[in-house]
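Labels for the chains are A, B, C, D, E and F, by order of writing; each one numbers its residues from 1.
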Amino acid sequence: MQPRDLFAFPPRPITRRVIRAALEEDFPGGIDLASFGLFDARAAAQGIFQAKAEGVLAGGPLIERVYEELDGDLEVELLVDDGAPLMPRQVFAKARGPVRALLGAERTALNLLMRLSGIATSTRAYVRAIEGTGCRVTDTRKTTPGLRALEKYAVRAGGGTNHRMSLSDGALVKDNHLAACGDPARALAAMKARLPHTVKLEVEVTGLEQARMAADAGADILLLDNMTPEAMAVVARELAGKVVLEASGGITLDSIAAVARCGVQVISVGALTHSVKALDMSFELVVP
Amino acid sequence: MQPRDLFAFPPRPITRRVIRAALEEDFPGGIDLASFGLFDARAAAQGIFQAKAEGVLAGGPLIERVYEELDGDLEVELLVDDGAPLMPRQVFAKARGPVRALLGAERTALNLLMRLSGIATSTRAYVRAIEGTGCRVTDTRKTTPGLRALEKYAVRAGGGTNHRMSLSDGALVKDNHLAACGDPARALAAMKARLPHTVKLEVEVTGLEQARMAADAGADILLLDNMTPEAMAVVARELAGKVVLEASGGITLDSIAAVARCGVQVISVGALTHSVKALDMSFELVVP
Amino acid sequence: MQPRDLFAFPPRPITRRVIRAALEEDFPGGIDLASFGLFDARAAAQGIFQAKAEGVLAGGPLIERVYEELDGDLEVELLVDDGAPLMPRQVFAKARGPVRALLGAERTALNLLMRLSGIATSTRAYVRAIEGTGCRVTDTRKTTPGLRALEKYAVRAGGGTNHRMSLSDGALVKDNHLAACGDPARALAAMKARLPHTVKLEVEVTGLEQARMAADAGADILLLDNMTPEAMAVVARELAGKVVLEASGGITLDSIAAVARCGVQVISVGALTHSVKALDMSFELVVP
Amino acid sequence: MQPRDLFAFPPRPITRRVIRAALEEDFPGGIDLASFGLFDARAAAQGIFQAKAEGVLAGGPLIERVYEELDGDLEVELLVDDGAPLMPRQVFAKARGPVRALLGAERTALNLLMRLSGIATSTRAYVRAIEGTGCRVTDTRKTTPGLRALEKYAVRAGGGTNHRMSLSDGALVKDNHLAACGDPARALAAMKARLPHTVKLEVEVTGLEQARMAADAGADILLLDNMTPEAMAVVARELAGKVVLEASGGITLDSIAAVARCGVQVISVGALTHSVKALDMSFELVVP
Amino acid sequence: MQPRDLFAFPPRPITRRVIRAALEEDFPGGIDLASFGLFDARAAAQGIFQAKAEGVLAGGPLIERVYEELDGDLEVELLVDDGAPLMPRQVFAKARGPVRALLGAERTALNLLMRLSGIATSTRAYVRAIEGTGCRVTDTRKTTPGLRALEKYAVRAGGGTNHRMSLSDGALVKDNHLAACGDPARALAAMKARLPHTVKLEVEVTGLEQARMAADAGADILLLDNMTPEAMAVVARELAGKVVLEASGGITLDSIAAVARCGVQVISVGALTHSVKALDMSFELVVP
Amino acid sequence: MQPRDLFAFPPRPITRRVIRAALEEDFPGGIDLASFGLFDARAAAQGIFQAKAEGVLAGGPLIERVYEELDGDLEVELLVDDGAPLMPRQVFAKARGPVRALLGAERTALNLLMRLSGIATSTRAYVRAIEGTGCRVTDTRKTTPGLRALEKYAVRAGGGTNHRMSLSDGALVKDNHLAACGDPARALAAMKARLPHTVKLEVEVTGLEQARMAADAGADILLLDNMTPEAMAVVARELAGKVVLEASGGITLDSIAAVARCGVQVISVGALTHSVKALDMSFELVVP
């Protein structure tokens, strides 16, 4: 079964670098010493990828890409679509080919999938916690260097949506910017004149007055930074409909429902990508 | 103050790739839209890197490397050595230079430091939990693709030691290998004949009998896989001194002390690198 | 004089690849045969970069970057800011160092600057042609592979603004999309639900009815594709203020003023980057 | 139909870098937002590549290479050989596969082909203008950084021949060299002694006397720099047959015939590659 | 016949860089001038790889990898396994495909195979010279930059074993280290505490007393540096069985047998890789 | 003393890749285990590079480049110019800086310099053997993959000259070509029409008749392949002055003088680069 790519899996030119970096890290001398010591080069086998905990799969298509980078003679069969739930002991992929290659790529594949599935699993939990509120969960730029496109994909696979991808495709005016440039109204006017007309302007605020000023100055989105649900509700009552309201700052699984109820449209959660709990998985050889 | 490099910080040829990947992720269009919209190109400022939680610093030298990749005109002053404790609100580094460059590199630097310091912080906790037992805490190959050298460095900065770096520099015979090659004695004999004389042979075992067989066959290290402290103690009573004993498999901060008391010399903890809780940090501009 | 960077010149991680590719193209055997045949390795000289035609400078900071890649002993002095006008025979930069290095980097520097200045020069002409109308000139994604960030910079230096940088930071629904997905209203609804809240939605239309439908369905921007000024004026009378109107398709220096008068806010011109007339420049050694 | 490669299309190791750079520029976040918002991952379609103006095709084989980099499931059929004429609305290639991939690679393929075909088209015009004179049209090193091999290929496809590829494979002594090294006779003697015996020596001259001196000193080729046809004719009468004569400097479609008639064997035209007018092309989805 | 990979041939991610570097060196302008001048693009042929001297084959699988990098339409048939003997005029591989590609990749393939087979041939001679002694021949880190994994593979193919692969997977304390750190006992204690438990500690010694000290301090391996066979025999009588003894320094084919007889287990020979005599080979087209 | 660059040392963009590949090979885990175990990070020292055999230095400038890649705090002083003779025990360079960096880069620097100096040394011997004959010694394309530019530089440093650098800058018609394309006269005519006018045409011949035919057909250079000195003398008597004559094929130090006397202008020697005997060198720490 060819998996369905519902969440726009990053194309090869984007995933190639991280896969190669990982394989180079694991084969710096060009050899897997244990396999060399133990296996006949022609020995073939089958292996299964298995979840060891409950969660959401993300990164399945990487298995085939990792194996094809290492050895073209391997065949991978993906049994579960990204975004689907996994149960403990559920087999989600099979691979068949030379034993040495199966074992040589195992760790690279698992390191990627455990991380991405961990992100999807935790995103799903956040999304579930606010289901029905009409509010969305987004990521941030607090991603692992070199893995941003994949981690933002995992957020989508978990049911979240993405925030801006980079400094080149979104304009978020933070406290640091305001500290340096002063007047937000003038700042927004300057930005509107200079930035692409395709970009929305977002301004970080910490209270109602700042929020009003930014909205009046033409901000498209307000990032409500570390505000209490009560304070956010005040802002929302006044500005919802005029600007998009995004809550941010230390929001957890425990607190997110309260935040969603106060009228914001977007909740961004840095921990989705900066503090990932890997989803436990294993690879087992099935020797005939 | 030039920082002391007590833990052998990876040299530039090894860190360059990940730094560049991160900056390319953040500047794909070659521009930081917000800074372009807001700042005069000649505006200069100072910024401070600050801990927002208690922990152990790791990765400090990366700040300078990130900044020098982005813009040669920035100056970085590192106030705290890697491996040293950080307190909330403690300033550990300062940077001075063009505002645009200060803000452009902020996220890349923080994404790296928060992750590495998170690893060092959690390693330190594991090491503290078994202090005085003579037992060591090591990492695994469950590292983030592209970041292995840095993450293994962070483990050293936290007081741990490293396990093998790659498939090319250690020979660990796991259940998958034994499943595929059968007899461990013959396996070890084959490996001794073929592998570099500089490499120790490690065999994964799950009980006393297997442990005895592997030790008799000439294993240098036994990996006691997911065994209870009691079962490990039995193995240790018989084999300690003959082989190095390494406990592995689901060991947590809560359980590690009990494991250390049962006579093993090494405890490896995959979660040190596969499930990292970032240490919270911030960067603040100080505008004169 | 250190040049002012008014237009957010792309940082080194973004320009490094193209500079290195150019130098590798020119030195594949590691040698400049003519210089090797003619010059003493220690011979030093000064050289000047000179415009040979009237235009707008863009790419000045690249001279220093090209030279520092080739040979660290060269000094470059930039006399003119990017975005400033150049007159024939005007010297805009000086370099001093080993003759071999001066000549070895000459062509790489000129190939880049002549192209970027050509873009800035032609952008400036388009911008001038609609001065006072409140309308802006933007680029497209029809850029030279490998040079996008630099070419979009040159458009800024010429007084234009940028359109989206890539497929990852803007959503432009074109005829091809509509052909494949059918109903634009449902298309826009799907996009609003799935895409980052930071992204504006742009729809290509070819007439008033389509324009109305797209605006009603929530488009932020309409791309008026190959419409006559009269047809665009009709759309503008009805939709200006509700959505941003962007004219596109075969607009030339001769026709742009008429387009600007019909009420659109943005005019995008593919020829700015896909059909560049290089600005003529030369490099001359000044031997003492 | 597998296209015939009459002009030695550069092999994959040479075209890979620029294709990847282009795709990375267009997918920095790993996603085509519009396609993600609109299409089912399994939707398939066919697309056609079509000329929108009259010209000469160059770069056809790149379509397949671009698509195979992005997604291995696409099939490309090339209907026209490079070097063949294209008429407006002529379909020269077809592609079939997932809609997302078809649209994702469209711009990269077109940006390359429009540029290369523009070069071939203009080269063909220059070649036609001097047909029957026995004179050849060549390119220069004024190529786009990163695209030299492809642009020189496009010149061949248009009927031109190549000049030297780089500083490592030809020795052209220009005014800058002579300014720095003085006596051309001594210069040529030094070069003959030091340079590979496989390399011809070319000297730039601006008048008859210099031409004589260079020829007497053993130059194989003279570059007649910015001379009038009359002045070149004088040189040709004296030196044709002894040395190869190459006219260079500001030669246009209008002036080239006169230049060819004055007895030179080679005419080099920088504008072929430094000021390219893209050949207009489009890609259209054909939805069944 | 698919060749057997008895010696763990380095996987593609490890050999790709050197193959690409070689092809880029040979095709910097994207063209093989001679083939372009002579051959029809559709001309196909067969070619044979032939030994021109007696030796041991190493690197056979590279032929296919080189050809697939250059042109996917070539077929390679490998007739001889790596590690097998070659006789003069023996055909060891065949290739079939476009003439241009066959000739374009010829030199890259031969440069690699002649070097690796030269290493295997000379390793075999060293191994033969001490056959039956139980002693092994190993390489060193004196390898060609960029080719280490392949050269160490060739040593295995010749019957040798590998020493450490890099500075990251072995700890060899040399005279330079001892000069800098003083007391070897304290040095070894420090290393045992800090280094991975998977690594053996090796100390370079030049006489019996140093050897004793290092063994007592816990060294696993002693490198006997430039000692006479007699002196090594003295050390061996005392320390064999306690530590692994490795002879090193200027050992030649003439002297190795005497060294092996004095009781060491390992003999390392830098010349295996630093002074390689290429095994002569040729590629001949077989035109039907 | 800044060294003189008499032989056109390849610029940084050309040497960077091989230096980085070598350092990555030696630091795959980001750590030099022995140095980490033994040295204080702040320990500094001086080291000397010393010849251990007589020869010719080549590659001196690489020392500084290797060290600056690894650690910017090292200072290198080069005492001997490339191309100058070295005597056993002669110190040719000094380095000063952190002990860890000094030792970490030692092997990379020596592996490069021992190889390049070996090439220069052997080239010098060949050149000396035919001194006064007016004949030159050249290299071939039988170079180490990834090192061509450096190895061709070393040939220059030894007093040889270079043959073509690549397939893109010379046209050598070999037996394989003639076998495939038949008639050499037609072949040469085709090449003259298609190839750059800057390239000389060289044809491989094995006897007088072929030589005549090739010369008549317009070859610029004849490669006399594996002919006896007597047979070459016959060719030379007839064709010297009309074409350049190059002897090639199995020429050794013993046979070269006889070859030079038979009237050829160029002798190419593949062994200069394909079978290099490294010049022995060492690096010693000088601890104060």
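A few comments on the model shown:
By our rule, contacts are C-beta pairs under 8 Å (C-beta built on N, C-alpha and C of every residue); 3 or more make two chains touch, one makes a residue touch a chain.
Everything numeric in this text was worked out from a predicted model, so none of it was measured.
The chains that touch both subunit A and subunit E are B, C, D, F. Any chain bridging subunit C and subunit F, meaning touching each of them, is among A, B, D, E; the list is complete. Over half of the residue numbers at the subunit A-subunit C interface are used by both copies of the sequence. By residue number, over half of the touching pairs seen at A-E are also found at C-F, the match among B-D, B-E or C-F. Taking each chain's centre as the average of its CA atoms, subunit A and subunit D sit 43 Å apart. Taking each chain's centre as the mean of its C-alpha atoms, subunit D lies 32 Å from subunit F. For the pair subunit A and subunit F, the distance between C-alpha centroids works out to 50 Å. Shown for subunit B are the residues in touch with two or more other chains, namely 24-25, 27-32, 35-36, 104, 148-149, 162, 165-166, 168-170, 194-196, 199. If you sketch which chains touch which, every chain touches every other chain without exception. Within the complex formed with subunit C, the subunit B residues making contact are 20, 23-24, 27-32, 35-36, 41-42, 69-72, 100-101, 104.
Contact residues on subunit B toward subunit E in their complex (touch as defined above): 136, 138, 161-166, 168-170, 194-200, 202, 221, 244, 246, 265-266.
Note for the complex: subunit C touches subunit E at residues 24-25, 28-29. Of all the residues in subunit C, the ones that touch subunit B in their complex are 4-8, 10-15, 148-150, 152-153, 162, 165-166, 168-169. Partner subunit C is touched in their complex by these residues of subunit D: 17-19, 21-22, 25-39, 43, 45, 47, 99, 103-104, 106-108, 110-112, 114-115, 118, 141-149, 165-177, 179-181, 187, 190-191, 194-196, 199, 271, 274-278, 283-285, 287.
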